[in-house]
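Below are two complexes that have chain A in common, paired first with chain B and then with chain C.
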Partner chain A sequence: MNEILVRKKWVPYLWLLPSIILMSVFVVFPIMIVFKLAFSEISRAGVVGGFIGFDNFVAAFNDKAFGTVMLNTLVWVVSVVGLSTLFGFIVAMALNTEFFGRKVARSIVVFPWATSLVIQASVWNYIIKYEYGNLNNVLLNLGILKNAVNWRLTYQIEFAWECGVGIFVTIPFVTFCVLSGLQSIDAAYYEAATVDGAGFWKKLRHITLPLVRPSLTVSTVLNIIYVFNSFPIVYTITKGAPANKTDTMVTLLYMRAFYDQQKGPATAMSVIGFVILCIAAGAYMMLSMRKEDEL
Partner chain B sequence: MKKLSPDRQASSLRNGRILILVSLLLIVLLFCLPLFETTTAVYTKKSPNTFVGDEKYQTVKAEVEAAVADYREFGDVELGESVTLRDKSDGTQSSMVTFTASTRSHLNGWKLVLSGLPSGTVLSLLFIFAVLAAGLSFIPRKGAQACAVAFGILALILVPAFSMTFTRFFTRTIGTVLSGARQADITGELALADKLLYGGQGGDRISALLSGMSFSSTPWLWLLLIPAFGLICGTVMVQNIELSSALSRGFLYAFVIALCVLILYPYYVMFITAVRTPAETNDMHFLHMLPVNWMWGNFGDIVRRNVLTYLGNSLLLSIGATVISLLCGIPAAYAMARMKFRGRRAFLGFVIMSQMFSPVVLLVGISRLMIGLKLNDSVLGLMLINAAFNQAFAIWLLRGTFVSISSEMEQAACIDGCSVVGALIRVLLPMAAPGIVTTLIFVFINSWNEYTISTVLISTPARKPITVGITQFSSFNMIEWHYLFASALLATIPVVILFMFIEKHLVSGLTSGGVKG
Partner chain C sequence: MKKLFALLLALMMALSCAAFAAAEDEITLDVIICQYGPNTENWFLGTGMDGTNFVAKFEAENPGIKLNLDVVSWNDVYQEVSTRIENKRFPDILNIDVFADYAAEGLLMPVSEYCPEELYKDFFPQFIEQSVMDGTVWAVPDLASARALYYNVDMLKEAGVEKAPETWAELEDACQAILDYYGGEIYPWGVDMTTDEGQAAFAYYAWGNNGGFVDEEGNWTVNSDANVESVKFSVGLVNKGFTNPNPATQTRYDLQDMFAAGKIAMMIAPNQLPTIVKNSGNEINFATADIPHNEGAGSASVGIMDRIMAFKKDGLTEEENAKRNEAIGKFLTFFYRPENYVGWVSMEDFLPAVNSAVAALVQANPSFEAWLNVLANAKFYPTAKPEWNSVKQGVINVEQNALIGGDVKALLDELQASLTK
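Our next item is the complex of A and B:
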């Protein structure tokens, strides 16, 4: 009903052509290159040799950092996605109520989303320095601390900080996804529930949560992908030190490919990461397409 | 906030007034109790080869008692002793007795109010606010009663503020100078501390005394929070407002304010560090929340270190990526929204899938491809990559916008002899302007903030975008924080402002395009 008539069958494809060319060359082609390289012999100088089967994958699995890094990646994705979804939801609930200064608060919440990750990460890297970091300075000034605290005593704590920064920068995205879901809920539901004597928790459980679930699902799946791919936070704050103990998969991949000149194992890791992403993406596509059918 | 029914108003008013008066009384009482306790070690003597009760022990103890008699003027002196036993190699034991003497002082609220310390001022303000809150709530006017609530909240906030100013005075203002970490003239402060803790008897010994002083807050101090909170509840109740809804409002504001403070904190750090001197940024004992010397010249220095070139590259790269992305995206989105053809669903699926492929995982492939195309180390290459990886989101947002606009106008235009392209440009695009602007800014910001691809592809300094350019200030062993953050600030401000413009449209864009499919 909302469509215009096109006489010739090939016309729509012409409209899609520029977009298809752009994406084929710069998205699909690199994928193919990565797959080809993953099964080829690559010398340290980067010269591509013949087909060597799964040797690169074996080398990647035998990388002494691989186990730690996979575990880190799991902790990183689960903690950042889980906690930012929880906090983002709470923030969205708060910003969805009418109060004085709501517009200002909403504009402020957007800030971390609009800021480059490498800049956010640099600032937090400075904040938590032991010797002269701003967190110690502020807390000492406020009289909360009596002595400076080493906020990055062990690498586990440093990794926790990295997760914290990840959560901090991810909250706005979740907040705005949930907010768009919340705003589409008809106020009449709440009024009816209030008449029936439902309290805050009952309304949350039986009205809000079911109705924002689609937005939450989408933001969660997208976040899994964004967070999995997030590179600058870990790279800026610890660079994976000490000895790859705080690396995630993408930072390890980067290090192996461009610092250690181990392009073979690195491309194998790319393929592994790519497969993981495809599973997440497939789940997301099924969810989106199902909704498309419902419309 | 809900008003109470008339029959409950009278009792609410009465209970509120009782609560206010009781809270005020409680504050007065708590001010009489010690809010802080200090202990000063005035004398220590180690007596080796001494066993408890032997001759040497007696003589040394007498010595110690004579020595500390001097300090009795300060108040009670507590004597303590500890014994250290050690086995010697020949099987006998050695023993050492350590004698200590310390004085204790209890600082109650009124004493602190009169002390002239900064924390005393805070405490008097707390009391004045409490009295004001109580007094104003008895004036039957809306404005006065609202002010009463505000003063109640201020009084509550001043309880932790008091504790902080007290701690800050002794550990930072005085402590850092005594330990030699900072040079400043603190004669006035020392005299105040002397008067408060030792009745002005400290004299020349004051520095030594304060070095051996430790203090702690008592539970009474934190009990002050209860009457302060009672005061707030009372001032709400006398206005005939339901207490629970007023409190949930209060928590909402507290939450939002805390959130905004947390979010703005890194930007505050970025700003103040950008205008500091290098000495200040690397000083562990640096005391001030704001720079002492405002180094606006830092911005001039970074301009001399090519930051404008980087910003220019970023601008060029982002504009290029945005234009390419929209030029390819608008026709595709239009076809998806308005035309029926085979493979539409497949293309939609492809678009959704490609949204998932971050360039980071494909880094090796991308760098090979760009070398093959001779586009590595060029801004044009970055433009194309950014445009391609933002294509999915652009099509998604634009399609959502186009679908939400009825096609009647275009059909009318087509009947009037306009071509499809003409209808798109003259009719649809103006109507879809908000959605297009949102997409445009979104792609612009994503390209502006992109970092990983640029680090890999660009090696010539003069072609680096700002996100990569700022890393020149952090070399392996030294980071020039002030320059780093000055350039980061220049890179951040424009995009944050742009983002604030699209924030509203982005929510509806996500709803109509990305999220709802």
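Our next item is the complex of A and C:
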């Protein structure tokens, strides 16, 4: 009986069926609905009408804030993913060395990751508050500042803070991805390289980086998706103010859908975001895999 | 024995049929209520209504009507309602601030179809007028609040300001005096131009300058000269350093907390501010006055009103529809009954929408009377116009753009053009 099951070509698909059903119901089906809505007329109250072609997409591209927000989104994704990958890598390298209290240090790194983003963003909001903010209080008490500083003087600075919070909360994920890669590297490679006279940088470049590349690829692709779709940080700290200057695509489409009652263009924006993500994540994965093949 | 068994079986079947018929007779109303404060949910669903709750009391008094009542936060309610509409799962009764979009798209029932006449007559007429579109009343008011100028008496006195400012010129002088005296430690004036309530900041100054959202015929006039001047004035207060430093992200709630902490000297706020100050535990000596206005214009208070409305339900027979309307009417009658409604309004410090509650409220809190007078002369947002939501977001956008150096006239012209195209 078992042999028959193994020989039948459809058997593997049978085992995959529960996953396929789950994915279809909770992933594919909602995506199809969003695509359908993006090409439908949606009234201000939310009543879904008939097919209207690309009108929602035209309205989305004609949105005055769209250009600024696309640029913000690019800065947001590149800075948060790029810098959190760099810092996460450094932290992982540090946590991979033997030192007293390493287990405690590893646990502490998890904290920002384990806390909800809304809570983290709210806490940072309090930290950088001009009036009674923790940062000003600490610096004033230490005598470093004589007068309180407005840490949110311009919207550019506010957006930089949002990126900073994004980096802070993303570092732990990168750290643990890279750490798992580092722990799987055989110590013999480093011993051989040391015998051959290789220094820290040469070992990093020729042993560590190539061998943790699969972990880095996973963390980067997932981070591009998470960070692009991240909503709580920007929404909690500035809600995109002033005049959408600190919005990213996800917060803009939320504001358009539920504050401005422009649900059609908002749905079109979510489809545009989905396509951009598919292209960006796909391109990065292909590039990384090609490099792995070259090795 | 068999006969007895058969008899019992027949009896049970008859009973279950009767129970089924009774269940068939039962009607369930889907109700969405907005969360006005920490007590709302407890009052409707917990133990906040004399140890029990609104739903339990209503159902006990109205057998055959069940309430499926959700208390939803203001942050989520638009998303919740919109999703329900998209999925054609309309609530039977909705409590929210806006109604025009729902009425314009034919989703609401006229109030006359379900509101008992006696109750209808009890509403303040000027409130009912705010929910009229195309000659039909589409919603009833559930409560209101009004705005006035609050000022810290001690701070103004210390800074040499003898009385609360009445005009814009006096306001600027008072701000300058407070700024000079406290050297930036105290914000003379609180301004909220956030997406939460930036439209109120627009209204305070526009209405105090003979401007506003619409003209007497109800046509949009957001780019009038008076409005341009008022936005320039309010943004000018920010640029001169008279206000909290981040008006685009500091909400009314932040400002109220700062006023209660003695960090802000003056601000325009709702009638709930005294409770906020009291709950903060700070000893603030404050008083209220009319909202400052420009020379030659009068002061106008801003009234804010929320509503209760009923959605249509397709696929019902005439009899079922009549029964549903009657159930909605019973819900409203029960809600506005003085012994219930007075508790509801005073619980979160709001102002009433019905005459029958006034006497009891004034008896409990004499300051209510002054606020009711303020409310009687208050202006309301033109929420009966379907474009209101675009205007609301539009004026906030104008203010926020003006804060970062945008041309007020050009921005308001653009908003006006988008409304009249």
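Operating definition for what follows: the second predicted complex is superposed on the first by the 257 of 295 C-alpha atoms of A that agree within 3 Å, B and C clash if a C-alpha of one lies under 4 Å from a C-alpha of the other, contacts with A are read in each partner's own complex, and residues count from 1 in each chain.
The definition used in the following text is that contacts are C-beta pairs under 8 Å (C-beta built on N, C-alpha and C of every residue); 3 or more make two chains touch, one makes a residue touch a chain.
On a predicted model such as this, the values are computed, not experimentally measured, just so you know.
Of the two partner chains placed around the shared chain by superposition, chain C is the only one that A:Asn150 touches, whereas chain B remains out of contact. Shared-chain residue A:Ser215: touches chain B; no touch with chain C. Contacts of A:Glu131 after superposition on the shared chain: both chain B and chain C are touched. When the two complexes are overlaid on their common chain A, residue A:Ala266 makes contact with chain B while staying clear of chain C. When the two structures are aligned on the shared chain, A:Lys203 is found in touch with neither chain B nor chain C.
Of the two partner chains, chain C is the only one that A:Pro242 touches; chain B does not reach it. Once the two complexes are overlaid on the shared chain, A:Phe258 sits against chain B and chain C alike. Of the two partner chains placed by the overlay, only chain C lies in contact with A:Val47; chain B stays clear of it. Greater residue coverage of chain A by touch, when chain B is weighed against chain C, goes to B. Of the two partner chains, chain C is the only one touched by A:Glu158; chain B is not. Taken together, the two structures place residues 131-132, 257-258, 263 of chain A in contact with chain B in one case and with chain C in the other.
Listed in rising order, the residues of chain A touching chain C in the complex are 42-48, 130-132, 150, 152-153, 155, 158, 237-245, 255, 257-261, 263.
Listing the residues of chain C that touch chain A in their complex gives 78-79, 81-86, 101-102, 104-105, 107, 194-195, 244-246, 248-249, 258, 261, 263, 386, 389-390, 393, 397, 400-401, 403-404, 406. Against chain B, the residues of chain A that register as touching in their complex are 2-4, 6, 9, 11-13, 15-16, 18-23, 25-27, 29-34, 37, 91, 94-95, 97, 99, 101, 105-120, 122-124, 126-127, 131-132, 134, 136-138, 140-144, 146, 148, 168, 176-177, 179-181, 183-184, 214-215, 218-219, 222, 225-226, 228-229, 231-232, 250, 253-254, 257-258, 263, 266-267, 270, 273-274, 277-278, 280-282, 284-285, 288-289, 291-292, 295. Put simply, chain B touches chain A in their complex at residues 163-168, 171-172, 249, 252-253, 255-256, 259-260, 262-267, 269-270, 273, 281-284, 286-289, 324, 327-329, 331-332, 334-341, 344-345, 347-350, 352-366, 368-369, 384-385, 387-389, 391-392, 395, 403, 406-407, 410-411, 414, 420, 423, 445, 448-452, 456, 467, 470-471, 474, 481, 484-485, 488, 491-492, 495-496, 498-500, 503, 506-508, 510-511, 514-517.
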